[in-house]
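In what comes next, chain A is part of two complexes: it sits with chain B in the first one and with chain C in the second one.
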Partner chain A sequence: MPEKGKISPRQAGELMFITTTSAAILLMPAITAEAAGRDAWLSVMAGTMSGFVPLAIITWLSSRHPGRTLFQYCEDILGRIPGKAVALSFVWFFLHVNAIIVRQFGDFLATAFLPETPLSVFNFSLVLLAALATHYGLETIARANEFIILLVVSSLLTIVTLSVVHWDPRTFFPIMAEGAGPVFRGALLPAYFSGQIITLAVILPYLTRPGQGVFSGAAALLGTVIILTTGVIAVQAVFGPEFTAAMRFPIHLFVRTINIGDVLTRFEPLVMVTWVAGVFVKASVFYYCAALGLAQVFGLGEYRPLVLSLGVIIAAFSITLFADVTELTFFLARVGPFYGYLYSLGLPLLLLAVSLIRGLLAGRQEEKQDG
Partner chain B sequence: MGRLRFLLPFLLFPLLLLSGCWSRVEINKLAIVKAIAIDYLPGRRAPYIVTLAVIRPAAVAGGGDAAAGGEGGSPTRLFTGVGATIDLALARAGFNISRRIFLSHNEVVLLGEETARHGLHHITDFIIRNPEMRLTNLLLVVPGMAHEILAQGERLEAGITDEIIGLLEQSRETSEAHPQETFLVLRRLSTPGFDPHMPVLKLGPHLSRVIPEFEREKRELQERAGGSGQEGKNGGGGQGGGESGSAEAAPQTELTLAGTAAFCGDRLAGYLNEIETRGFLWLAGEMRAAIITISDPQAPGEKINILITGNITKIKPMVKEGRISFRVEIAAEGDLASQGSHTNLATPEKISGLNSALAGAVKAETKKALAKMQELGTDIVGFGAILNRGNHKAFKAIGDRWPEVFREIKVDIHVTANIRRTGQLSRPVRIIR
Partner chain C sequence: MNNAFLALARKLGKKIKPPGKFSGGKEEKKREEKVREKYDPGGSLRERLDQVKERLGESSDVVVRQFASGNGRVRVAVVFIDGLVDKKIIHDHIIRPIQSERLTGKASELNRSNALETLQQHLTSGGELWVAPDLTQALKRVLSGDTALLIDGEIKILVFGTRFWQGRMVDEPATEAAVRGPREGFTETIRVNTSLLRRRIHHEKLRFETMKAGRRTGTDIMLVYIDDVVNRRVLEEVRRRVAAIDTDSILESGYIEEFIEDSPWSMFPQIEHTERADKAAAAILEGRVVILTDNTPFALIVPTSFFQFIQASEDYYERPFVGFALRLLRLFVLNVALMFPAIYVAVVSFHQEMLPTPLLLSIAATREGVPFPAVGEALLMEGTFEVLREAGVRLPKTVGQAISIVGGLIVGDAAIRAGIVSPAMVIVVSATAISTFAIPAFNASIALRLLRFPLLILAGIMGLYGVIFGLLIMLLHLASLQSFGVPYLSPLVHGTYDDIMKTFARPPWWMSIKRPRLLATSDPRRQSATVHTRPAPGYERELFHDAAEDNSDAGKR
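What follows is the complex of A and B.
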């Protein structure tokens, strides 16, 4: 077995929480506001809640195949060759999404803080750091995250609290004036982000009590709903929906409006800390899933030799996937969600269906043999 | 140990790269901009004039006293650039500056009248996109040319920018204007049925130069100064007036923050004067403190000053058979600040009489403001947005025609006033000979 460490259900929940929030908080307010206008917060709430569906599927699958990761039960369910193919496509998904995460990270830092630094500097250093974390294993990532989660949550809450003086609740009314259509369209992206809970399917077997994984996931999703909805509400209450939609990274400009008595001001470093630390954990989780997956698909006893070479692929993709920040947001707004659903909902559903049918057939065969 | 020796070069190598910042700029290579004035000259190929108020390094380095001492002159220096766009003009201004322009500490953006008429969009787009500019920059409109304001000498503060910021902060308390940060302007700009507004910063000749109106204005001003003197609890009206009267060496011009520039969409439509601004603040529910003078119902010719302490405004949209009207309910609260007559006003009957007189005064101000807004066609209170919230269908049916509809809209204003306290006196002191 390539992974020897074990993490507690609480640590798993924290990992999932950071995975579903950290990248989302920065880009999402603008994209959901573009689609849903005033009702963006409803979109975020509903969209993130939808993450409970993949969570239910993967925990069910995991309970049917105890001790096996996503990649392993792909083979158990679909047979050797098709199973390996599906598992490999999952590896590709984790790799690809990781490259997108790294690119978002680089683009944000280049836009907001360090416009003269080449993108590769941010991307390569993040990949290198994530590679190191992956090399040391799941337990290390989880433990690092225990500290980082405090940083992320407390800084976000601080920012939101300090902005309350600028809030204008009138920006939210009338609610659902255009019907449910825009809310639904706006929910696509949050659903994509919360669908990333699929990484839990890889981690579940390494929990000290795998049966409690479902609670970890549920707690993580609930936390995500609260944090993301609060974030979107705060941004919209300060800027109004139209202005929010026009922005590239609303949370960043949002923080720049905080000014309490000329003393409590300039909180941008907090956003940077949140973003860098959170994205580091998220990238590490995806990196880890990709590396472990590749090792398990090819039956290697150890995933560590793969880490660096995968890193090269991620780093290269993170630069070459998108020509500019416009392509990145276009992909996230239009293509990303559907691509994500294929892996967070489509394939897991297929796996579950096949697994259930096989279980039924096997049950009948047993009956026949018994009878 | 062998492993460590192998790793050592790799560990030491980053030191070469990390020991210095890549593209650092030392603080003594920065031209720290405190205020920007943007003027627009229509009809020219390079219409934008951008003037930067840059902190003079020597003034800062020499310590606060030297800067305020006046000997070294103003602590800010002005740099101007002309260009076809704001960015170009800013870059041109940079040609004259020996340092890198640094906008992160900019606090005020002054817009010349023509700039505001040409369109706010050009300004806000520049401010949002610029990585150094902050959305908390305060926006102001200057009738005439904005850069002339920056060329003024400071009075109390260490620089003209501090002087302007002080005026703005003060106006939040005194309700003579309504300061707007850039993001607030943008929030209004991007809300349907809502037009933005900004305070007006004027450069006028000193009162002593405006001879015909001088006497009257001075009397009025003293009355107001007297009122606010009592607000401070320990000063008589006469004392405050006396101080302002004995100001030494009157300057050529006076910097005044008063009134409101009202926009229609992103273009300047016109100005609301001080009284209309107050009426607007009543409608917006943003009234903080102001002196309202009413005639004494008992003693004609005498005045009573009310210090306003707060207000609550509720606006309800009414749609009947396709006709849209609004019902505005304003609840005003105030204290009796001073009175001219000798009658004891602090009885329930007389106070209720005063209440209705105050309500009448507030209503008159509000009506003036509303008439001006409708004349200009600027919905700076956001009646359209209120209609949108209250009756989305009706607002949607109007669609793009809201500015025209707003001009003709009927607004019922109902004011209730409450005078809560009478200051340190329960009745006027009897003058006995």
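What follows is the complex of A and C.
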């Protein structure tokens, strides 16, 4: 067993919450506003809710294969060679998504805070941090996250509360003027982010009470729905849908509008701290999943030797995958969702179907033998 | 390992002689006899005193006094170390009864054959008495301050408990002063310390478990715990780790701390130490194990979590609100001590737009003409301050003041006037310095003081992002630490709401129902329920009103 630590269901829920929330909050308002206009908040709500489908699938799979991670039951279900291939493609997915996360992180910091610093500084330092976290293991990531989640939630709530004075409710009406089409199109990206709950399939066996994983996942998704919808509503209520769509990181600009008596101004550091800490946890979770997956696919007893080499791959990818921020945003808006559904919905569904059919067949055979 | 080896041998059907003292072999006996011949030559007093001389050497504090019993039939000798014994006990209760014939009738019956029993049962009157089987055992006790009574012709040796030495009085702890609360601190004598704890916890389940460590120092170590509160696994683990210490010297509890802590390469102290008897008692009552070490007033407390370092025992004696406010203050101060200079440097050099314009202007004005970048200035000032502090600590008090005046006032003032550093930086550095002193635990504040420097450098390179980068590394490291099975960041890390509140808010005593959950104590409840004695029904009224009404009634009648 490459992982010996155990985390509590609560810690797992908090990890999932940060994984599905932290990167989304910064980029999503602009992209959903572009697709869904006034109804962006509906898109976000619906899209994030859709995460319950993959959650149901992976917890069902996990209950059929107790004590096995995603990578292990791939082999159990599909057989040795095809199973390993599918598990490897999951490892690839985690690596690739991680590179995208790291790229988002670097782009935001390089655009908004330290424009003269090269992108690679941010990317490499985040990969270094995540590598360290992965080296320490799941327990440490979960513990550090318990501190970070306080920071993320409280700072988001603070800035949303302080912005209430600028809210203009008229930007939301009329609701669904162009029908459900734009809402559906806008929901693609939120669904992609909430589909990242697939990482729960990897850490589920390491819960102290794996049976409660469903509730941790559900609580995490509910929290994500609330936080993301609140964030999008707040941004839109202040800027209106057109202006929101035109910006790259609306939350960042949104924070600049806060001004309470000329004293409480300049909350950007708070956003940066939140963003860095949240994305760090998210990157660590994906990094961990990739490293653990690779170790399990190849039957290694320890994943730690893989950590550094994976880090090099992630860091290199994060630089070379996209030429600039526009390309990244385009990928996230048009390609990313479908790519994500393949892994968060398609493959798990396939696994579940095969597993169920195999179960049925095995049941029949037993009946035959009995009869 | 031996057992496993034996089991294997048995399996193979071979006969292997079991080693150790269980052997009945002839060789073993011969060897024992040889040893006995060497060290206990027949029990002759003269030869054995020679033996004592050979083993202890010509040390001036070793006292050997030979004398005969009252009737002259038995020769005996006492051996003790001057300075470790109470001479009055030796004189009044050992030497005099043996020498004097008149004390009891039994003295006349004393002869060589019944010497040991008669002396043990009837003649001497020491409080503690052991019968040592040989000289080695007896000398071990003599070196701890007991007195050996050697009897001519007898192999066994009587050892009397006569330990007494000049120690420091129980005094107010110098490192942990308190405005309210007991003023008794531990001393260097372990027996005094156990009495301080026993006086605070009169319960029959309070246990003092003695262990020894240090091959040459032979230091006494005591594990103190309440038997039906402590978690057995924690206790086992502490025992195992302390027993595994293999060194020749233990001079301070710091040695033990380093031997038994979970992550020896961490910057952060993972074991709390205290000089206050009440703090140690509170820890024991919480279900922790206290480790007392002879010759040092500092007791260790395990398991430890990070937030214990921002708690002072006084929080629990003052009103709850005061405790709450002080803890919040310390938490704030902890952050200031760690990152204030780093944040200042980051903001001044990279994120000037974050400051309100008037503040930015005044800082910019003071920085005018300063030749260094902010990070260099900060490193210079912080370094100077550390030098000043170190110089002040090691010097005698009278000179120390001169250092702080010359160093702090004159040099600081001159440096600002000369335009080498900016006044804003001086403010930042002094605020940080004061903050480090406001953290109750010295070992924790040292760790933070040291970590300030890497943060400063990161801030100078990458601004606020660098600071966050450094803080996240620290957070990861802290999250990875454990102290005897308890997460170092607990109860912030999967603690209950109750535990978190207790850490930051210090609820009133009548609300503190449970012990910390993460210690997994065998008796998790402190009290049955929330009990706060309120006025009994009928007693809510003012005494004065009661009295006045009685009088008016009397008037009506």
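Following the convention adopted for this analysis, the second predicted complex is superposed on the first by the 371 of 371 C-alpha atoms of A that agree within 3 Å, B and C clash if a C-alpha of one lies under 4 Å from a C-alpha of the other, contacts with A are read in each partner's own complex, and residues count from 1 in each chain.
FYI, a residue touches a chain if its C-beta (ideal position, glycine included) is under 8 Å from a C-beta of that chain, and two chains touch if they have at least 3 such contacts.
None of the values given here were measured: they were computed from a predicted structure.
Trainee: Per the contact definition in the header, classify A:Gln11: touching chain B only (first), chain C only (second), both, or neither.
Mentor: second
Trainee: Let me test your reading of the model: by the given contact rule, A:Ala144 touches which partner, first (chain B), second (chain C), both or neither?
Mentor: second
Trainee: So in the superposed three-chain picture, is A:Phe239 touching just chain B, just chain C, both, or none of them (first/second/both/neither)?
Mentor: first
Trainee: Who does A:Ile319 touch here: chain B (first), chain C (second), both, or neither?
Mentor: Neither: A:Ile319 stays clear of chain B and chain C.
Trainee: Mind working out whether A:Leu88 is in touch with chain B, chain C, both or neither, as first, second, both or neither?
Mentor: Neither partner.
Trainee: Between chain B and chain C, whom does A:Thr117 touch in the aligned arrangement: first, second, both, or neither?
Mentor: In the superposed model, A:Thr117 contacts both chain B and chain C.
Trainee: Contacts for A:Leu253 in the overlay, against chain B (first) and chain C (second): which applies, first, second, both or neither?
Mentor: In the superposed model, A:Leu253 contacts chain B only, not chain C.
Trainee: Name the contact category of A:Thr171: first (chain B only), second (chain C only), both, or neither.
Mentor: first
Trainee: Check whether chain B or chain C contacts more residues of chain A in the superposed model.
Mentor: Between chain B and chain C, the winner on chain A residue contacts is C.
Trainee: Report, in rising order, the residues of chain A that make contact with chain B in one complex and with chain C in the other.
Mentor: After superposing on chain A, chain A residues 117, 265 contact both chain B and chain C.
Trainee: Once bound in the complex, which stretches of chain B touch chain A?
Mentor: Residue list for chain B touching chain A: 22-23, 128, 131, 134-136, 181, 183-184, 186-187, 189-191, 385, 388-390, 392, 396.
Trainee: With touch defined as at the start, can you tell me which chain A residues reach chain C in the complex?
Mentor: Result: residues 8, 10-11, 109, 113-114, 117, 121-122, 125, 129, 132-133, 136-137, 139-141, 143-144, 146-148, 262-263, 265-266, 268-269, 272-273, 276-277, 280 of chain A touch chain C.
Trainee: Which part of chain C faces chain A closely enough to touch in the complex?
Mentor: Chain C reaches chain A through residues 350-351, 353-356, 462-465, 468-469, 472-473, 475-476, 478-480, 487, 489, 492-494.
Trainee: Sort out for me which residues of chain A touch chain B in the complex.
Mentor: Chain A reaches chain B through residues 111-112, 115-117, 166, 168, 170-171, 173-174, 177, 238-243, 246-247, 253, 256-257, 259, 265.
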